[in-house]
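In the two complexes that follow, chain A is the common piece, with chain B as its partner first and chain C second.
For the complex of A and B:
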């Protein structure tokens, strides 16, 4: 059985007076129903250019309300270079140089498309990503 | 103030090759923030706004489905993550978690949770990024 485990540790030594912050969580990625793991995975890296405006990270050709997970990391070394991440027309947030994110994704249709965009003007940003999917509809033959 | 989040993904069973990678970041954060808190999420997203609309303030958000409806009774109900205004992002099943950056992007948006079918208890925390990006 597919057993993909995602774990996070979030720590800080100076955020809370007299109390070191230490959050730990771990989960196994499962399809809806919680008995079968995620067996479709895509992983890669690329470069985003500001000139290309927003690009779709991946076609949202999945089934509504299924379980899918997305990892994105901004591998830029220039602190001023960041990636805007959005769901269709709504910006979620910005990934600065060295920042990563891990989130579930409802990849059901165009409205759920994840967009990524390099900023500021002239930036070229290396990034890496991984997508773990429940289902995927192969694109139609051309 | 520094916040150090580390993600580790591991899989030794699904494919003929092992997936095992880890990435660590160091974030400079500032107020406003919320230390780890719990919320019983009901089925109306507008009732469960965990990060208020903050325009351009970048915020790092952590949420975990506790696997319970109230801290003790287990549940299989899912919990949707939404941008306020009901923009769906994804769904947490029991014991799953997410960590992502959020900014209102000038559109007065926040982050809300919405249980599917019945109440779900989640824990959450957020920290404001001081870089202004």
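For the complex of A and C:
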């Protein structure tokens, strides 16, 4: 069984004056809440251009309602360059330059693809991603 | 201007070679080099019903484009989870709500949040399950 561990540390000494913020959390990723670790993953990097509009980073081709995890990092150095991250028609949020995100993804149905879009006009944004999955079916050949 | 840093570390032996992700970000305002200055504060809420509940109201952060939301299921039981959705409902995977995913016991997430729609959660169990969450805003 594979073991995948994800940890986060969030800290700030001045966000809440007089109350230093320190959050630490760690979890071991399991297949759909069971005691078996996730055993499928995909990792990569690329460049996203504003001209390409929204692109599917990963199709929802696994079993619906399962445990999956998405890591995306915007490696842009220009503070004005951001990535819109969405699930199908819903924009989850804007990933600014240098930002990363860690999100559960249950592939709720076949129309629950993860999509990304570079902004603003003219932007070319380098990004990295990793997706840890419970199940996945390769796309049919064309 | 406040400085808030978040570091992720992921380690895995899924592949035949070690997989390591280590990245630190400083949370900044939209298209800016200045740090986020507001927060909801760290909140905890105990759920004993499976009804969907709004935990992040978009009204509170209206028109902010660079929010971040941290959530963690503080339990240790992998049988108990929260559905997390960006909608008024998160009751099941097949509802019209855009379900993001599920947080099992011990799981955490940190996502960007466009404050245009509420974030809701729904527990899978009537047994007590505690959610810890915090919003970082401009």
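Following the convention adopted for this analysis, the second predicted complex is superposed on the first by the 136 of 142 C-alpha atoms of A that agree within 3 Å, B and C clash if a C-alpha of one lies under 4 Å from a C-alpha of the other, contacts with A are read in each partner's own complex, and residues count from 1 in each chain.
One rule holds in what follows: contacts are C-beta pairs under 8 Å (C-beta built on N, C-alpha and C of every residue); 3 or more make two chains touch, one makes a residue touch a chain.
Source: prediction; values computed, not measured.
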Three-chain arrangement built on chain A, chain B and chain C clash or fit: clash
In the overlay, answer first, second, both or neither for which of chain B and chain C A:135 touches. neither
Let me test your reading of the model: by the given contact rule, A:16 touches which partner, first (chain B), second (chain C), both or neither? both
Which of the two partners, first being chain B and second being chain C, lies in contact with A:124: first, second, both, or neither? neither
Quick one: is A:63 in contact with chain B, with chain C, with both, or with neither? Answer first, second, both or neither. neither
State whether A:109 touches chain B only (first), chain C only (second), both chains, or neither. second
Touching partner for A:3 - first (chain B), second (chain C), both, neither: both
Pick one for A:35: touches chain B only (first), chain C only (second), both, or neither. second
Would you please give the residues of chain A that touch chain B in one complex and also touch chain C in the other complex? 2-16, 21, 23, 25, 27, 29-30, 34, 37-39, 41, 43, 65, 67-69, 71, 73, 79, 82, 85, 87-88, 90-96, 98-106, 112, 130
Of all residues in chain C, which touch chain A in the complex? 2-15, 19, 21, 23, 25-28, 30-33, 36-37, 39, 41-42, 65-68, 70, 72, 78-79, 81, 83-84, 86-87, 93-94, 98-104, 106-114, 116-117, 134, 136
Give every residue of chain A touching chain C within the complex, in rising order. 2-16, 21, 23, 25-30, 33-35, 37-41, 43, 64-65, 67-69, 71, 73, 79-80, 82, 85, 87-106, 108-109, 112, 130, 132
Touching chain B in the complex, chain A uses residues 1-16, 21, 23, 25, 27, 29-30, 32, 34, 37-39, 41, 43, 65, 67-69, 71, 73, 79, 82, 85, 87-88, 90-96, 98-106, 112, 130
Residues of chain B defined as touching chain A within the complex: 1-15, 19, 23, 25-27, 29, 33, 35-36, 58-59, 62, 64, 76, 78, 81, 83, 85, 87-103, 105, 107, 109, 125, 127, 129, 131, 133
